[in-house]
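The structure follows.
Each chain gets a letter, A, B, C and D, in the order it is written, and its residues are counted from 1.
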Amino acid sequence: MAVTSPEVKKALEVIFAADSDIYQTRGFQRRIGYGERPALVIIDLANAWTRPGHAFTCDDMEVIIPTNQALLKAARAKRIPVIYTTTAYQDPKGPRSDTGMWSRKIPVETLLEGSEAAAIDERIAPEEGEMVIVKKSASAFYGTNLNAYLHAQRVDTVILTGVTMAGCVRHTTEDAIAGGFRPIVVREGVGDRVPGVVEWNLFDIDAKFGDVEPVEKVLEYLEGIEAFTNR
Amino acid sequence: MAVTSPEVKKALEVIFAADSDIYQTRGFQRRIGYGERPALVIIDLANAWTRPGHAFTCDDMEVIIPTNQALLKAARAKRIPVIYTTTAYQDPKGPRSDTGMWSRKIPVETLLEGSEAAAIDERIAPEEGEMVIVKKSASAFYGTNLNAYLHAQRVDTVILTGVTMAGCVRHTTEDAIAGGFRPIVVREGVGDRVPGVVEWNLFDIDAKFGDVEPVEKVLEYLEGIEAFTNR
Amino acid sequence: MAVTSPEVKKALEVIFAADSDIYQTRGFQRRIGYGERPALVIIDLANAWTRPGHAFTCDDMEVIIPTNQALLKAARAKRIPVIYTTTAYQDPKGPRSDTGMWSRKIPVETLLEGSEAAAIDERIAPEEGEMVIVKKSASAFYGTNLNAYLHAQRVDTVILTGVTMAGCVRHTTEDAIAGGFRPIVVREGVGDRVPGVVEWNLFDIDAKFGDVEPVEKVLEYLEGIEAFTNR
Amino acid sequence: MAVTSPEVKKALEVIFAADSDIYQTRGFQRRIGYGERPALVIIDLANAWTRPGHAFTCDDMEVIIPTNQALLKAARAKRIPVIYTTTAYQDPKGPRSDTGMWSRKIPVETLLEGSEAAAIDERIAPEEGEMVIVKKSASAFYGTNLNAYLHAQRVDTVILTGVTMAGCVRHTTEDAIAGGFRPIVVREGVGDRVPGVVEWNLFDIDAKFGDVEPVEKVLEYLEGIEAFTNR
């Protein structure tokens, strides 16, 4: 099983402490902070990632699913935009496949659009008015309408959860700050499938691309914002 | 019925002749020419545009549909990428609708993703391995994976048909040349719903953004290219 | 000289009246309206377009320049973001030119980045803190950081002026609404170089992509908004 | 000085070995391979990164600069497109700064467009016909014309070097594969400023986004390709 061992965790913490010293001396690792109009973006918590037995299966769902359930409840109470992504293809295996170059690196040929594997996990099922974006790349923004959708809703803050931390969540976070949003990555809401990568990618992100925050603080923030109203 | 009258056509021809003089003196209206690896991109020939009774219904389907059938036959013979678009929304009418700002200009609130209205016209039904892109904006490229898909297929030429000329076909053509493709717009394969706009937008495009070509020449070109092979 | 003659104007008005009937019956030509946080985006009012003797020279500068001066004054009074574009290339004529496919249609090989021709007209010179974007395509958004910049400034409304109406202003307007902004095109602030194209493209835009407004109303709107403050 | 210590390197190798077992069992870590038309993209080897005394100063220039010199020589021999990036801002410190949200995380307020700090290091100075892209975000593709430029040149393979590995090189690699290119990251040509991040990010990339290759193999590949010719 893919758990980060205590030894590995300790080794990583030693590295991160040394790196943080340099980053802080140089003026990195600043706090981006929360804005006024957030959206919740849940990356790839579809069955191929949340359930056992797939090439993409991730760990820690016993923490990730309840964390996302709590965030969904808070988000819905304030009617903020909720967006789910899944990664799937109309023609995963054909000679002109829409997997593009990615099938040359990872097993995306297993992800068929419309299949059970590509459907959002029913434990966090989308409600009416919530978007499900079928993306083809790691980032929720790349080759999708997400940027335009969030902009039309005047969203300034993107709360990010899901999997995988070393792939889709990381690329989405980088695109979010590049696009002019404040990215907030929820520590307990993200995961991956090999040891160490969650810790390392959260470290890189917190240094350069977005704030990594505990779920308690994010829930507290959501409680405090003004509810979205119809325009 | 929305036919461009002979008087209007004549008035437009007088304007275009005068404008062409200026353009040619200045070095506009060049020929972009055909490349080696084309794709066929069919814009919004879904029922809401091809069938009577919708807000989006267009004219001239008795020419547009057979033209597209002929192009599809030629494209499939050479196994070039074929991409259809439709414009539709997951939540066309809700307070956080994915119609964005467009519903403030045009009746996109009538276009539900997955509905019969949004489905590609069965007379030109997609075959296996052909893509159907559900877009939210006028351009087939904006907020979609089309650019990445075509690039991964090493496409250099985009053959464009469909509707509407003043909306989605025009914006798609502009994005195609901006993205580094050679846009070829098929004169008999495009249409619209009000008089004059097909003529005018074809004129603007041919001056600045892509070559407007008769279907015979496009079919001849497709006959002459090398068939796509599996990579 | 490239003036739209009274006969042409009249012919166009007849067409537009007929087309407007159809559009309004179908639910097009809606008003998008003004938002709360505008930016002023001035397209290609650089010397190659505003001064005589260039391939790109446009008409009507005796109206366009004063209109933009008035808009700049109003925009600066409220400290809203002001963005200028120019179109220019690092290597306009080389074998690996950054003109891409566009030099196959129009004379962009005359536009060198850093040249006097590509500089913003000094009558509307940028002030400190105003952006100058060097773009390679028609749209001010395509292949530039404009979307991200406006989003980070929480802009919801894009006031558009400049040239050419059938080229860069049109494509920019289409991208603006696609991106979730409210596009407002200022009638007296835009122009082109051949007869009829200003009228026609304003007609298409007002039907589908943005509101075409007289400068008086835009100035009145700018007077009424809250000034931008430091964040 | 920011060198990855032998202990840290060893700890990382233990993690990577365990992770690679899982990845390979699952079908990750495939070889994307080289295509036929490469471009060389050199990320942020400008003085603020390559010279001492800046917030952005990176390590290992004694290896990185010669590696890039060797790659440039090979690239120029075959006349493939060469693109340099730098990160800089027109208004790094103003209230409407084009640093967007990034200045809330890292010290981009030190990077003025046109300054010596933002200029490409003269040891690897651009030659005529080579592009210098001034980007605002981590990725060389985000908010720039790079994708369109490479597409117009029919490039299928992107050879990547530069800094930083945990920032701009990583994000660029992710965007490259998303865009349909084959990313090749040159191991000796990349760097960063804190221990461990080069190793970790190369590991993540090789698993999911691009091939990490030694410079010898890349030089050998460049020697073997057909030279670019004028189109």
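Criterion: a contact is a pair of C-beta atoms (placed from the backbone, for glycine too) under 8 Å apart; a residue touches a chain by one contact, two chains touch by 3 or more.
None of these values were measured; they are calculated from a predicted model.
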item	value
Numbering shared by both copies at the chain D-chain C contact, with half separating same from different	same
Chain pair with more C-beta contacts, A-C versus B-C	B-C
Whole-Å gap between the CA centroids of chain A and chain C	37
Distance from chain C to chain B - Cα centre to Cα centre, in angstrom	24
Sites on chain B at which at least two other chains make contact	100-101, 136-137, 142-143, 147-149, 151-153, 178-181
Touching residues on chain B, where the partner in the complex is chain C	2, 8, 11-12, 14-15, 18-19, 22-23, 26-33, 55-56, 100-102, 104-107, 136-139, 142-143, 166-167, 170-171, 174-175, 177-182, 193-197, 200-201, 204, 207-210
Of all residues in chain C, those that touch chain D in their complex	79, 81, 90-91, 94-96, 98, 100-101, 128-129, 131-132, 135-137, 142-149, 151-153, 228-231
Complex contacts: residues of chain C adjacent to chain A	147-154, 156, 178-181
